[in-house]
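In the two complexes below, chain A is the common chain; its partner is chain B in one and chain C in the other.
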Partner chain A sequence: MIQCNKYRLYSGAKNFGINVFLLSVAVTCLFPLFWMLRCSFMSLDTIFVDKSLIPPPLVFTNYITAWTKGNFGVYLLNSVIYTASVVVGIVIISSLAAYAFSRLEFPGRNFFFYMFVLALMIPLPGSFVPLVVMMNKIGLANTRIGYILCMINVGLSMSILILKTFFDKMPSDLEDAARIDGCGRLLIWWHVALPLARPAIAVIVIFNSLNVWNEFILAQLLLNDEALMPLQKGVMLFTNTNSVDYPVIMAGLVISVTPIILVYLAMQKHIIKGLTSGTVIGESC
Partner chain B sequence: MKIELNITKANMFEWARNYCFVLPAIAIFSVFYIYPFYEIFNLSLHEWNGISPNRVYIGFENFKELMQDEVWWSSLVHAGYITLIALTFQNTLAFALALACDREIKLKKFYRVVFFIPPVLSEVVVGLIWQWILHAGVQGGEQIGLLNRFLDKIGLHHMVNDWLSDPKTALTCIAVVHSWKGFGWGFIILLAGLQTIDKQLYEAARVDGATSWQSFRNVTVPMMVPVILVVVILTVLGSMQVFVLILSMVNQGLVFHTEVPVTRILVAMTGTNRFGYACAMGINFGVVLIMISLLFKIISSRMKQA
Partner chain C sequence: MKKIAHVVCVVIVGVAIFCNITGCVRTPPEKNVVTVWHWMTDRDQAFKELAARYEEQTGIKIKINLYAPSDAFSRKVVASAQAKVLPDIYGILGKKKIFASFIEGGFVVDLTAEFQKDNKQWEKSLFPKALAANRFVEGNVYNTPPGIYGVPIDVTNIQMLYNKKLLAKAGIKHPPKTFAELLAANKALARVGVSGLVSGFGEAWMAECFASNYAFNIMGQEKVFATYRGEVPYTDPDWLKVFTVFKTLTEEGVFARGIVTKGNKYAEQDFALERAAFSFNGSWCVNVYHKMNPNLEYGAMLPPAISTEYPMRIWGYAGSSFVVNNHSVRKDTAIAFLKWLTAAEQQAYLARETKNLPANRRALASVPDVLSDFAEVMDQTTHPSIWPLDESSLVLEKFDKGLQSIIIGEKTPEQIAQEVQEVKEREMAKQKRK
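And now, the complex of A and B:
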């Protein structure tokens, strides 16, 4: 009897400890975000001295300043444009290629496929140097289309690999049926293969959206015109020119973080699925 | 037996139509990956300021100079230090959290969502938030930065520090923030790995009288080795190449204590306009990274055999 109580006490304490551990890490994850939000509602007079967790007079002017003077409205629109066009581009281009690598026959099929796989395995840290030189040479630096094409290339190899693995496992019965009904390969790709590959495409959409939204270095090197900058570069630019105006900087950060967090919360199931399938790919490489 | 060549006109036409599917991908890949790949090697053999029309061929001089460049080698050491902290602190934390979430526990879904929030944020945002928290300024006798204010409040005045300017703490702060941002990846991958382990194995171990430590040591760890290796490789490659976080956390000046290889490449390119030297650095660093990942490949194949 005593033994049993002791055991219960022990496992109770253990569970309590685990819960405290998890909860404290969760607080550590969320607190900096809360602090950012809190500081974005303060004024320059109070931000350095006020110690309360939630300052009583909430100031909303920081957001207006960030939106107009800080140009964040333009940056936000640019980020949305870049993210949407890159993701659409990657989905179309990579699914066409992956479908061909998996289903169609042509000489050099394996060669081209392994070329993309190899690109994933070779890290090339300074590749932005020749890329920027080339973009300047062909006049695509400081243009929307130049940045979009560069970012499509960044996500292309991984997306082709994920989709090809998916198509390889997918039974081809439906495609055969469509072919017998007289569908051409382009129509089969569009009407049969793409809708069936929806789970894999969801993974590609999420990871590429995160990647493009958060990309900094190519935007920094390629886009000098303020009207073309995405949020990440805009935030850095604003911080470098107004380094003491913390309330407005924090408001700008909130603007740049909110869309991606909302997307994440809406799609987080797919993210976990994508990460686990990514692990499978990583292991097989 | 006669081998029939199938290269008929109809066949060629068929191939050409199939090629159209891969053409856009190959075109973009050639222009934005293969050409820069070739050009980085080409440029590394030249001295070029980025503007002048003639590039001066200097052979391997850039690489020879790089061998003597102390700032470069110390930047590699800095990246190694950040990686070491990420490997130990960040991955231990990720594994502990994954183990904790693998059992029956309240708020499991909540934790899974929350731990992956930092990885979703951009390095620019994370760097700026933490720069503000670690701020070292003083106004009206009050600490501005949250961390310093907290230390001041609980009476640890001697701990108050200029975290991001002090060469002793700057790199560690960066490494810790990097771990804060990154542990969610490891957590999700490791948790997924833990959930694939057959629960009957634990049951069998328990029936055989194994303690929870023994079943962890002899069931969990061996089953998790492949997943752990994937996380380790991802952590190493990611942490060695960290740099946007550094750009947004500290303003690089004439001090070199927070330099990492990629910031050196950037400085050579945009600061001193030595494009050839920047490319040589990129190649040198790429070789280092390939050697590290090969090392892990060898280790993992050894472990699979054992």
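And now, the complex of A and C:
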């Protein structure tokens, strides 16, 4: 009886400790988002002095200013176009490439794969100038398609690496079964490999969505027309060389993070599965 | 397989529609359009308004493109120079050495002839100090052919600011003019619980600027330059006096708490929110303070002098400048626009809207009072970028860190003077070996 109580006490204390730890991690992650939201409803003269959690007069005009002066309508549409195009491009190209690297035998297979892996070592800023020069030479600078191609290129290496690792673990029996049913390589990729790799694709989608959504420097280098700029440009508009319009910036940030948070929430289940799935894929399918 | 072909067809049609709707194809460059690239977010609307006026007057369209923040703008300019796709008018940020490298690369038009046309009418209309930042003199250290290569849009200088309300609260009738008066004012302020001087000394260059002001005041320009040439040691009694200024201001409690780690943006908040009576800041602060606290009552003053032998020289220079692309086919049109932009009427508009000091001295009549305070002493300004010689960056680093060490009480002025001199001697020896 005493032992049973001891066990209960130990288990309760352990659970309490874990919950407190998780709660503190959650608060640490969510508090900056809450603070951003809070500041977006304040004015520039109260933001530095008012320490209350919920400011008494909520200022909604920051959102109107951000949307109109920051030209957020156009930039938001651009960011949606860029993110969707780049993510679709990356998923199609990287899954085809990863499947080929994993399943097909061809000369230089390892060489090309390691070239992709090596590309991961090159920091993005290091490739800025060559990219700008190349895009100008082929006439794709200051075009949407030029920026989309560059961003697809940026996300490919990591995505190929993730998917190849996933396809390597795919049992060959599944492929054999599909082959018996009359599938060629492309159909096996489409009907077998891709559905099995759904959790890995979810990880790729969210990582690349975040990357493209938050990208600003390459866009600013490649694009000249304001009508082509992504959302982050709007946020930067309120950062002056010598001053920062914090409440409007916070309102802009709330607008800019909302879609990406929604994407994350929509794909949350797949992402967790992708990060924690078993060693052999196809087991749960 | 049919399904895949179907998907591929849908993707191709989708991309085609997407390209047509959203303009994926590059449009050819427009004729009679001058493109300007800049980084000044606070001036973007004013530039666009002026561009619209210019188009109305001349029929020439000025396309203003903003790329911020400034480091991203610099990257774009460098990348575009390498790709040879710079616009007609753009800005070059950073040290004069970078400016010189753009000139050497053939990316900048020499505007000297334009400035000297009609009995130097254009040149005379602008503050000489503003032009100096864009001028390369004969025998300059960069070996750049002498000439004027840029057009200043505004000017800036760095002074002390005082809060009128807080000074009145402490019973101080006039802002201090001498160092002794500053110390006395600080005591009066302390009695009513008001902090003294706040500044962004966390950004080492601001402390260096403050020290430079006092160096010019204590020993004069010639001796400062002689030190840079290695003819006068940093252990000289006059330099010790400069270092001691920081010790005295710390010991007397003039420096607000945390000054040594404060970035200028935070220091600006402190002054704008009336947490300190004095601030050491640039003329750009007028715009910043206006946004943070439109009711702030303040004025500008020179740092209170220690010596009467030499004048107090503050840092001042061209705030922002534009250059014309040497490869542009619309060079003349671009230059004509810049002449129009720096004319008194447009400069007055810019100063009113953006609260920056105009580069055109004739535009001063219509600027706010505080800006006039700043402008009045424009002739007393100097700046490292126009000095005939550069101090070694390692010496300056030691100097700046030394000032911070004095403020936090880690080292004495004598120790810092000795340490800076040691670095100076090492650098001189290196120079000789070369």
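Just so it is clear, the second predicted complex is superposed on the first by the 200 of 285 C-alpha atoms of A that agree within 3 Å, B and C clash if a C-alpha of one lies under 4 Å from a C-alpha of the other, contacts with A are read in each partner's own complex, and residues count from 1 in each chain.
Operating definition for what follows: contacts are C-beta pairs under 8 Å (C-beta built on N, C-alpha and C of every residue); 3 or more make two chains touch, one makes a residue touch a chain.
Predicted model, so just to flag it, every value in this text is computed and none were measured.
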Ask   = Of the partners chain B and chain C, which touch A:94 in the superposed model: first, second, both, neither?
value = first
Message = I want to verify the contact counts: of chain B and chain C, which reaches more residues of chain A?
response = B
Message = With both complexes overlaid on chain A, does A:239 touch chain B (first), chain C (second), both or neither?
response = both
Message = For A:106, using the defined touch cut-off, is the partner it touches chain B, chain C, both, or neither? Pick first, second, both or neither.
response = first
Request  = Considering only touches as defined above, state whether A:226 meets chain B (first), chain C (second), both or neither.
outcome  = second
Query = Who does A:141 touch here: chain B (first), chain C (second), both, or neither?
reply = second
Query = Now for A:216: first (chain B), second (chain C), both, or neither, which partner does it touch?
reply = both
Query = Between chain B (first) and chain C (second), which, if any, makes contact with A:129: first, second, both or neither?
reply = both
Remark   = Shared chain A footprint, chain B vs chain C, residue numbers 48-49, 125, 129, 132-133, 216-217, 221, 236, 239
Message = For the complex, give me every residue of chain A touching chain C.
response = 44-45, 48-49, 81, 85, 125, 128-129, 132-133, 136-137, 139-145, 184, 186-187, 190, 216-217, 220-221, 224-226, 228, 236-245
Note = Touching chain B in the complex, chain A uses residues 15, 18-19, 21-22, 25-26, 28-30, 32-33, 35-36, 39, 48-49, 51, 92-94, 96-97, 99-101, 104-107, 112, 115-116, 119, 121-127, 129-134, 149-150, 152-153, 156-157, 160, 185, 189, 210, 213-214, 216-217, 221, 232, 235-236, 239, 246, 249-250, 253, 256-257, 260-261, 264-265, 268, 271-272, 275-276, 279, 282-283
Inquiry  = Taking the touch rule as given, give the residues of chain B at its contact with chain A in the complex, in rising order.
reply    = 14-15, 17-19, 21-22, 24-26, 28-29, 31-33, 35-37, 39-40, 43, 50, 93, 96-97, 100-101, 103, 105-107, 110-118, 120-126, 128-130, 132-133, 137, 139-140, 142, 144, 146, 149, 180, 184-185, 188-189, 192-193, 226-227, 230, 233-234, 237, 241, 243-244, 247-248, 261-262, 265-266, 269-270, 275, 278-279, 281-283, 285-286, 289-290, 293
Key: Touching residues (chain side chain C, partner chain A) in the complex   = 1, 3-4, 18-19, 22-26, 35, 39-42, 44, 65-70, 72-73, 75-76, 78-80, 82-85, 87, 265, 268-269, 273, 282, 284-285, 287-288, 291-294
